[in-house]
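Next come the structures, one after another.
Paired with chain B in one complex and with chain C in the other, chain A is shared by the two complexes that follow.
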Partner chain A sequence: MDLKEKLVSSFMAFEDGLDLDHPVHEERSNAMKNFETKGFPTKKDEAWKYTSLRGLQKVDFSIFPKHETTLEYKDVKKYFLHEIDTYKIVFVDGVYSSYLSETTHDGVDICLMSSAFSKPMFQQVIEVYFNKAASKDESLTSLNTAFSKEGAYIYIPKNKMPKKPIQILHLATGNEAALMLQPRNLIVAEDNAEVQIIERHQSLTGNEVFTNSVTEIFAGKDAIVDYYKVQNDEPTASLVDNTYISQKRSSVVRVHTFSLGGKLIRNNLNFYQNGERIDSTLKGVTILGDKQHVDHHTLVHHAQPNCESHQDYKGIFGDSSTGVFNGKIIVDKIAQKTDAFQQNNNILLSDRSTINSKPQLEIFADDVKCSHGCTIGQLDEEAMFYLRSRGIPKKEAKALLMYAFANNVLESVRIPELKARINKIIADKLGVRMGFDL
Partner chain B sequence: MAYTEEELKKELETKEYEYGFYTDIESDTLPKGLNEEIVIAISKKKEEPDWMTEWRLEAFRAWQEMEEPEWANVTYKKPDFQDISYYSAPNKKPKYNSLDEVDPELLETFKKLGISVDEQKKLAGVAVDIVMDSVSVATTFKKTLAEKGIIFCSISEAIQEHPELVKKYLGTVVPKKDNFYAALNSAVFSDGSFCYIPKGVRCPMELSTYFRINQAGTGQFERTLVVAEEGSYVSYLEGCTAPMRDENQLHAAVVELIALDDAEIKYSTVQNWYPGNDQGKGGVFNFVTKRGLCEKNAKISWTQVETGSAVTWKYPSCILKGDHSIGEFYSIAVTNNFQQADTGTKMVHLGKNTKSTIISKGISAGQSQNSYRGLVQVNSRAENARNFSQCDSLLMGNRCGAHTFPYIEAKNKTAQIEHEATTSKIGEDQIFYCNQRGIDTEKAIALIVNGFSKEVLNKLPMEFAVEAQKLLEISLEGSVG
Partner chain C sequence: MKNNSMLEIKNLHASVDDKEILKGIDLKVNAGEVHAIMGPNGSGKSTLAEVIAGQEEFEVGEGNILLEGEDLEELSPEERAHKGVFLSFQYPVEIPGVSVTNFMKTAINESRKAQGLEDMPANEMLKKIREKSEMLEIDRKFLSRSLNEGFSGGEKKRNEIFQMAMMEPKLAILDETDSGLDIDALRIVANGVNKLRSKDNAIIVITHYQRLLEYIVPDFVHVLYNGKIVKSGTKELALELEEKGYDWLKEEAAV
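So, the complex of A and B:
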């Protein structure tokens, strides 16, 4: 039985445990119908030209983990950003772990989707926001919507700001030989609210994991949302991360994606600007080796005048790794005075690595400033020589240059501890010890 | 006289296609429709050898299995391939030694186009192989070229007289099953040009062909094959205008360039087919496959100025097979009213130390859609490949669109690829500056557009550059941003 059939048939079992009269349920069944018609995307779809999910579909994933697992904090501490105090929403094999989490309802709601779905006090928010930004057409998003049950629920009311950053951590224990996870997150920052979120998916063993995650982010007027995605998973973990962001007037949303490990990562990052003077930032650092594959698909839809978007993706590809960047900017007719910038720089370190880049512009307004730049090259030999002539060994010199290359993106991380953490991951990856903080 | 925006818009809308006239020459036309008999009939009419007929039939069979491509960013009513007559040749096919013998009506046509054969002959020293509805009716300067060993004739003549060359090279760069339109062309191509430059010869003049679509309801399927032997050089010009027609006309040409070791081919195109009226009705469909193959140290340079056609679907490409080979692509695409253009290039780097440059300028006005679609591919064995791409778009008004779809694929770590794209509009301050100095808005726009396109215009041979500049002005008249 292939994965699609399995998912379709297990949907009924999934429905059994749910309140079928709940308004969300109709969304689920519609989404399931869409997935049933469309199936998994194939390489024939333009958006999946360079990324194949065929291998994953052959794996016999268990869709509902059989039993709960408890983990000791000390065993998983290293996956937390433990240097600072944070709210934590932790899931173990897709099930909420109250033991590892730290949630709150004090002024802001930082809790679970399952409680948001079931408790009447959240009903209104769910009705207004749930599945309103996510695509109803894209098949993997539909698949997630169909199975949407658990995930992080973050609601920041007007003029509020949580006291500390929020960590969302998805852990996979490896109790199942192969596990499929479908977390669904909803993040709402009302007018003038501010929030910082760090998200991480982590597999604890070498067992196969396939995560198909959907996150919807709504930023109200003047709201500020900082979202950091840390993707440094085991080489057996695959992730399809669909993020949909809907912004209102003068809001600022910044998404940083650090793709440093995993088997196959596909990021679908979609920004919809529904107001004037919006600022959207999309940045990413990708450092890959082995046979890893990372695909960044971004979309910024400028639908209103006087907005800005900034994209900056840096990629370093070694061994037999493959990188894909597909950035799309759409500027509607009325979106005059748009300032859209997109940059994608890549370094290939090995003869077997591949990069496919497709920076795309679709522009219908005439008074705009839109540009994109894309480069593929290697480390500057002269710079390398300069460093080595000053006694820096080759490996360190290479690492330094790679740091410098990625630094533009790292610089704009607004949580210093996170920046340090990512620097450390990068240093580990490059096999060097950096004697300083960047 | 200063124009207001409204007046200009009005004038633009009423701007008639200047070259819209129809020459009444009796034609020998095959019935509409396409099947194996028609393919055989075309081949028979052209008195082709058996291998050629077989080649066409193979292409036709492949075509039947294929589907029309839909990935391009254009929308149009698909042509009914059974409602097209696939062959039309001017009835009299006399061989002239001098221009006086040419049908005066035909000469009149060219005069209207502003391209007088004898004038070109005298002033520019250009040999003109005039293709009028598919069959070549006048070839000049053949003698001069023959002395150098250069073969420049119609492809049907080449099939008769130089079968070994045609057999060797035809379909090697654009295989007959390459794509839907290339297969169609391979099956039914009526005529085209053939050019062969022997080893070490530098072609002393610019070679040019003027294509015209003339007969109502006839598709035009040109086939061009240019072979440059080792160390040779040729500059080939191609220019097109078409009479006004209400029905959509289909043009599916195939151009193949082969540059052997150390050879250089420069291929320039000015395309000004009927773009349809201001309601978007009519106009030529231009689905062209152009591709060049570079051997060691060879260079192919494509330059194009695209101002006409209702729908353009065209990607002149270079396969950089040999080490140290160079591919270049310079393009200006102008769209106005309801025109749609999806054009760009493919640079496939296979050899070591290969270089490619892409400069594309898109100008959209009215309600047109202008897309750049390009591929830069560096294969794993292409050490030290280098590419630079620049795509600039200029938008006039907010009813048009400019799009860029660059595909960049690198499989070699020594590759150096740069891609840049910008989108902008004509600045009010620039227009104001010109107005202030007594240059009216229309002239100012022509001036600015010319400046914007200069990098590409500069690449055109002299006589073409002048014509192209004129074309730009005509196509953009009145479209104030």
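So, the complex of A and C:
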């Protein structure tokens, strides 16, 4: 049985355990129909030209974990940003771990999708927001919607701000030989609310994991949302991250994506601007080696006048790693005075590494500022010589230049401890000790 | 008698992409001396500086470079730096995100590591940074800026000399350190260099113009033309070149 058939038959079993009168039920059924019709995307789909899911479809994934596992905090502490106090929403093999989590309902709701789906007090928010930003057309998003049951639920009412940042951590224990996970997150920041979120997927063993995640983010008027994605997983863990962001007037949403490890990473990051004076920021640092693959597909849809978007993606590819950057910007006819900036710079460290970079601009307004630039090169030899002539060995010099290259993205991280953590991951990856915090 | 040779270059040939740039250089610099190397554009001055510092882009054919009697041929640029070679770059490279201070800490501690020493204690490092930056009239704020990023030409050069002061090399090569400097900056940089002169180190000043040599007075002046040293003399030679240009030497060399 291939993965698609397995998912279709699992859906029937999944439905048996759910309340069929729940308003979300119809959304799930429709989504399943769409996935059944379309199936997994193939290389014939333009959007999946450089990323193949064929290998993953041959793996015999468990759709639901058979075992429930508890983990000791000390064993997974290193995957948390433990240097600062945070709220934590933690899942172990897709199942909520109350033991590892720290949630709240004190003025803000930082809890679980399963609670939000089942408790009447959350029903209104679910009706207004759930599946309203996510695509109903894209098949993997539909697949996630069909199985949507668990994930992080974050609701920040008007003028509120949680006392501390929120971490969402998805751990895979390896108790299943191969496990498929489909977390579904809903994040709502109402007018003038503010929130900082860090999300990480982490496999604890070399067993195969395939995560197909959907996150919907709604930013009300003047709201500020900072979202950090830390992708530094095992070489047997694959991730398709579908994130949909809907912004209202004068809101600011910044998403940073750090793709530093994993087998296959596909980021579908979609911004919809539904008001004036919106600021959308998309930044990414990718450092890969071995046969790792990352594919960043971004979309910024400027649908109203006087808005901005800033995209800056830096990629460093070693060994036989491969990368894709596809940045789509749509500027509607009405969206005059749009200021859209897109930059994608890449360094290839080896003859076998590849990057495919493609800007895709569809501009229907005539008074706009849209700039895009893409570079693909090697490490600057002159700069290497400069550093080495100061006594800095080759490996360390290389690392310093990579830091410098990624710096534009790193410097806009607003949680210093997170920035230090990312720097440490990068330093460890490069096998260097920098002797100072960058 | 004690041999006080710091640098000895014997019949040095170097080429890039099969084009020979240095065509047999002989030069001896003793500890405590300052040598100036002058010459028209394209004569090979910067190539000589980079070859001594170990730039791997150049193919070194015949000849040797000896530092205190030790052949540098097999040594990487960083190993040469650890042995005390320093090159002040004509065009220093910008390193965003790495402050001047952190860059210096890394450079100094890497050199110490290579010599089997522990990292320099933080207070000692700070003291040294303060001392050397004051000597070069460098503002404290400047030290926390990203290395060379957005620096003016003068700031870049002053920063190069600051690095020299911090690293305390045995052999410093200053490649066109005067270019892009106004007269005040030139004076500060030259004063800094003069304070770093000692009987235990040697300095090679590469320049187009005699102007810098009014402030950093050399013991010897050499003229490089077409990959060879065509004339050597004392500081008066620099004045002569200022007055007469290089054409008479080109003619002499052609004969």
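The working rule: the second predicted complex is superposed on the first by the 438 of 438 C-alpha atoms of A that agree within 3 Å, B and C clash if a C-alpha of one lies under 4 Å from a C-alpha of the other, contacts with A are read in each partner's own complex, and residues count from 1 in each chain.
Following the convention adopted for this analysis, a residue touches a chain if its C-beta (ideal position, glycine included) is under 8 Å from a C-beta of that chain, and two chains touch if they have at least 3 such contacts.
Since we're looking at a predicted model, the values are computed, not measured.
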| item | value |
| --- | --- |
| Superposed partners chain B and chain C on chain A - clash or fit | fit |
| Partner chain(s) touched by A:333 [first = chain B, second = chain C, both, neither] | first |
| Touching partner for A:363 - first (chain B), second (chain C), both, neither | first |
| Which superposed partner A:62 touches (first chain B, second chain C, both, neither) | neither |
| Which of chain B and chain C A:306 touches, first, second, both or neither | neither |
| First, second, both or neither for A:371, with chain B first and chain C second | first |
| Partner chain(s) touched by A:350 [first = chain B, second = chain C, both, neither] | first |
| Partner chain(s) touched by A:407 [first = chain B, second = chain C, both, neither] | second |
| Closest Cα approach, chain C to chain B, once both complexes are overlaid on chain A (Å) | 14 |
| Of all residues in chain A, those that touch chain B in their complex | 46, 333-334, 336, 346, 348-378 |
| List of chain B residues in touch with chain A within their complex | 71, 378, 380, 393, 395-425, 481 |
| Of all residues in chain A, those that touch chain C in their complex | 380-383, 385-394, 396-397, 400-401, 403-404, 406-408, 410-411, 434-436, 438 |
| Sites on chain C touched by chain A in the complex | 50, 53-57, 76-78, 80-82, 85-87, 89, 92-98, 102-103, 105-111, 114, 119, 146, 163, 167 |
